[in-house]
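Okay, so chain A shows up in both of these, paired with chain B first and chain C after.
Moving on to the complex of A and B:
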């Protein structure tokens, strides 16, 4: 009973068979299972195969999440290092898609981690640099922009 | 929503037309949830920068719960939720941050932000509020805030 396999199907028809313990990281699936979808393939309409495979890869690594009181520093460091390498390989667009999918799947751990990765990316950047990164248009009028910048000036000397 | 190639004309607010690239682009502004998740995790100065990016970001950055989280991020244990209604009545967390916390952190960026510092900020915030309310009303004109000392070094010798 404890090594049940769950079948997930992505929006583009890819199937993934994973252990129930891993699937339970996705709260949306926990709810579906409680509502009696267990044993059948679970369709995930909002997630494509490529993104789902990345998410499952992450979930498998984190299936035995160390608790706060866990003394195993070595294991934590290894996991952090794995996490960092996992994100490093991904471009920004993929990370966004992962955030969206993790939000949909209700996978708190990855949602937090991926969001923090993007936040770290724009940390300490100027508004112009941030616009460049996300391809955002500046839709302020010059007067609005002046006012907003004054309001949000971090220091009074710069 | 699958990403598709799209060509479109985007009208800027000052009436210039710009051709959108023929490349699948993930537009963060189409995903409000994602934007909130990211802004929630920024530090104060980065959040202030983010508010200057565009109108949507400015609006999202005004979300008081983001500033509440920022105020409490390094404070442990977390203050009780009843604090929220008090701070809201005084003007909200964003105001608290801008008035009492930002000037201090801008001048002392390495300051460890703990419960004591937060308590002190809250007290100062109350001072500021009542000053505006009572002293301002009495004098008929808003006096300079006592909190001006947070921005300028004070010689205490």
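Moving on to the complex of A and C:
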């Protein structure tokens, strides 16, 4: 089975040659491939090279995505472990950029995984810390905030 | 480190993975988030699918209060801590701080159905969002009544229903929240009318399960079986129990839920003291489930697992927690639980609080969720309000007497009514809120 190679170019001019099977994880590319003449590089205007290389690294590992019914527990565990190590090394800024890029590329698997990672990161943070992370303005008055704090009489993990 | 700004839909994507209790805490981040968690039905649905479920055991104290219990089964010293009580205010009391004295609680889908002794109301309450729905029973009420809560899991709109059953041999009735109506159940299997069995009722995927007598058999061959009430079809059915139960000499004595997708039973070998803990596969639509054995326990004679005792199971860690029944010969009136793992070492832990009467603490597992939300929409210049308080009903109201100024709406679900306060800047329009209050839920 011959594997077709697809050429991708990032916004800052870096080139990546990947197998067609890997490229097909990015649904935006699937559409572009249909319009594209064979052999031409596909330009990805909204993704820089450093982020694209990370995304491709993830996509390569997930090319043969095991289905839910799959009995191979060992393989699943190994993949989960690789995924965890992959994310651990990244700082929050990079993860945000990956989320934006995965959204642009329409790569749902990575978008979900990265979103879950950020969710786990913020779940124990205070509203103030979360506002800083997402650059949100606090539009509550101190009285309104106090009202909500009173309503939330019951929290877990106290 | 300046983080890139994420568009609203990607922020929501992230939030849909955040556990429900953390979302509750993050309500005060900004007004947009507060509205999203409380009022956005679309977000609630996505969140229910995506976010990891949390499981919080609860117990009912002697003071008629619900308390969360934190159970720590890790490592060599398991522990149990009963936390501060959760408060549910009684809106009909003259004292504005008075709480509702809960003597029974039934959990379904993040909602708690609570009743109080000698009180002709029941309330469905989401402790996470604070939304309550009080139902006044009026003439229907009798002291032997108990209720279960469920929904039709085949319909995409979760339409919640409550079912009554009685200590006296009266008919059971179903109450449908979306239509505010009652109807009689005419299916053949009577729901449990022994109050003891009520403790063993559990909700899973909208349907209720309990251990009861298999009425397809005749004495002396009476057996315990697993009965299911399907809130969609409103019919009873039998569910097969683990293989040993088909054999004489073994009997299922206790039932519990594991997570929010599986059931667990204790199977006792009559002649020996061997007790097996069995767990179902994920409960699907058919009544056929497959069972697997998780633990085999050999409790000493003084550890008895009787009917009606609550238990919790950590399937992954193979650790089992069971309430100890208070022996009537013993002096102790404190509540205790046993924790035991595969090593068969029974560890006795003190509960720390006195729980509501009867033989032992009741433990219900509550799964926090954003269910039961209210939504409203401003639509252009003609302001239309859509609300769906009980996930099965929407109502459009057209404000025909308003001028074309934009209004902000606050809503307040209290006493089962919707109260709107229309604000234009600082100015409020009490006439409008009066008018809305008169519109009954149809």
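One rule holds in what follows: the second predicted complex is superposed on the first by the 127 of 158 C-alpha atoms of A that agree within 3 Å, B and C clash if a C-alpha of one lies under 4 Å from a C-alpha of the other, contacts with A are read in each partner's own complex, and residues count from 1 in each chain.
Operating definition for what follows: contacts are C-beta pairs under 8 Å (C-beta built on N, C-alpha and C of every residue); 3 or more make two chains touch, one makes a residue touch a chain.
All of these numbers come straight from a predicted model, not from anything done at the bench.
Of the two partner chains placed around the shared chain by superposition, chain C is the only one that A:91 touches, whereas chain B remains out of contact. Of the two partner chains, chain B is the only one touched by A:141; chain C is not.
When the two complexes are overlaid on their common chain A, residue A:99 makes contact with chain B and with chain C alike.
Under the contact criterion defined above, the residues of chain A that touch both chain B in one complex and chain C in the other are 92-93, 96-97, 99-100, 103, 111, 115-116, 118-119, 122-125, 127, 130-131, 134-140, 145, 148-149, 151-156. Considering their complex, residues 91-93, 96-97, 99-100, 103, 111-112, 115-116, 118-120, 122-125, 127, 130-131, 133-140, 145, 148-149, 151-158 of chain A touch chain C.
Against chain A, the residues of chain B that register as touching in their complex are 2, 10, 12-14, 18, 24-29, 31, 33-34, 37-46, 48-55, 57-58, 102-103, 106-107, 151.
Contact residues of chain A toward chain B in the complex are 11-12, 48, 92-93, 96-97, 99-100, 103, 111, 115-116, 118-119, 122-127, 130-131, 134-141, 144-145, 148-149, 151-156.
Across the complex, chain C meets chain A through its residues 1-6, 10-11, 13-19, 21-22, 24-31, 33-34, 50-51, 54, 56, 68, 70, 83-84, 86-87, 127, 130, 368.
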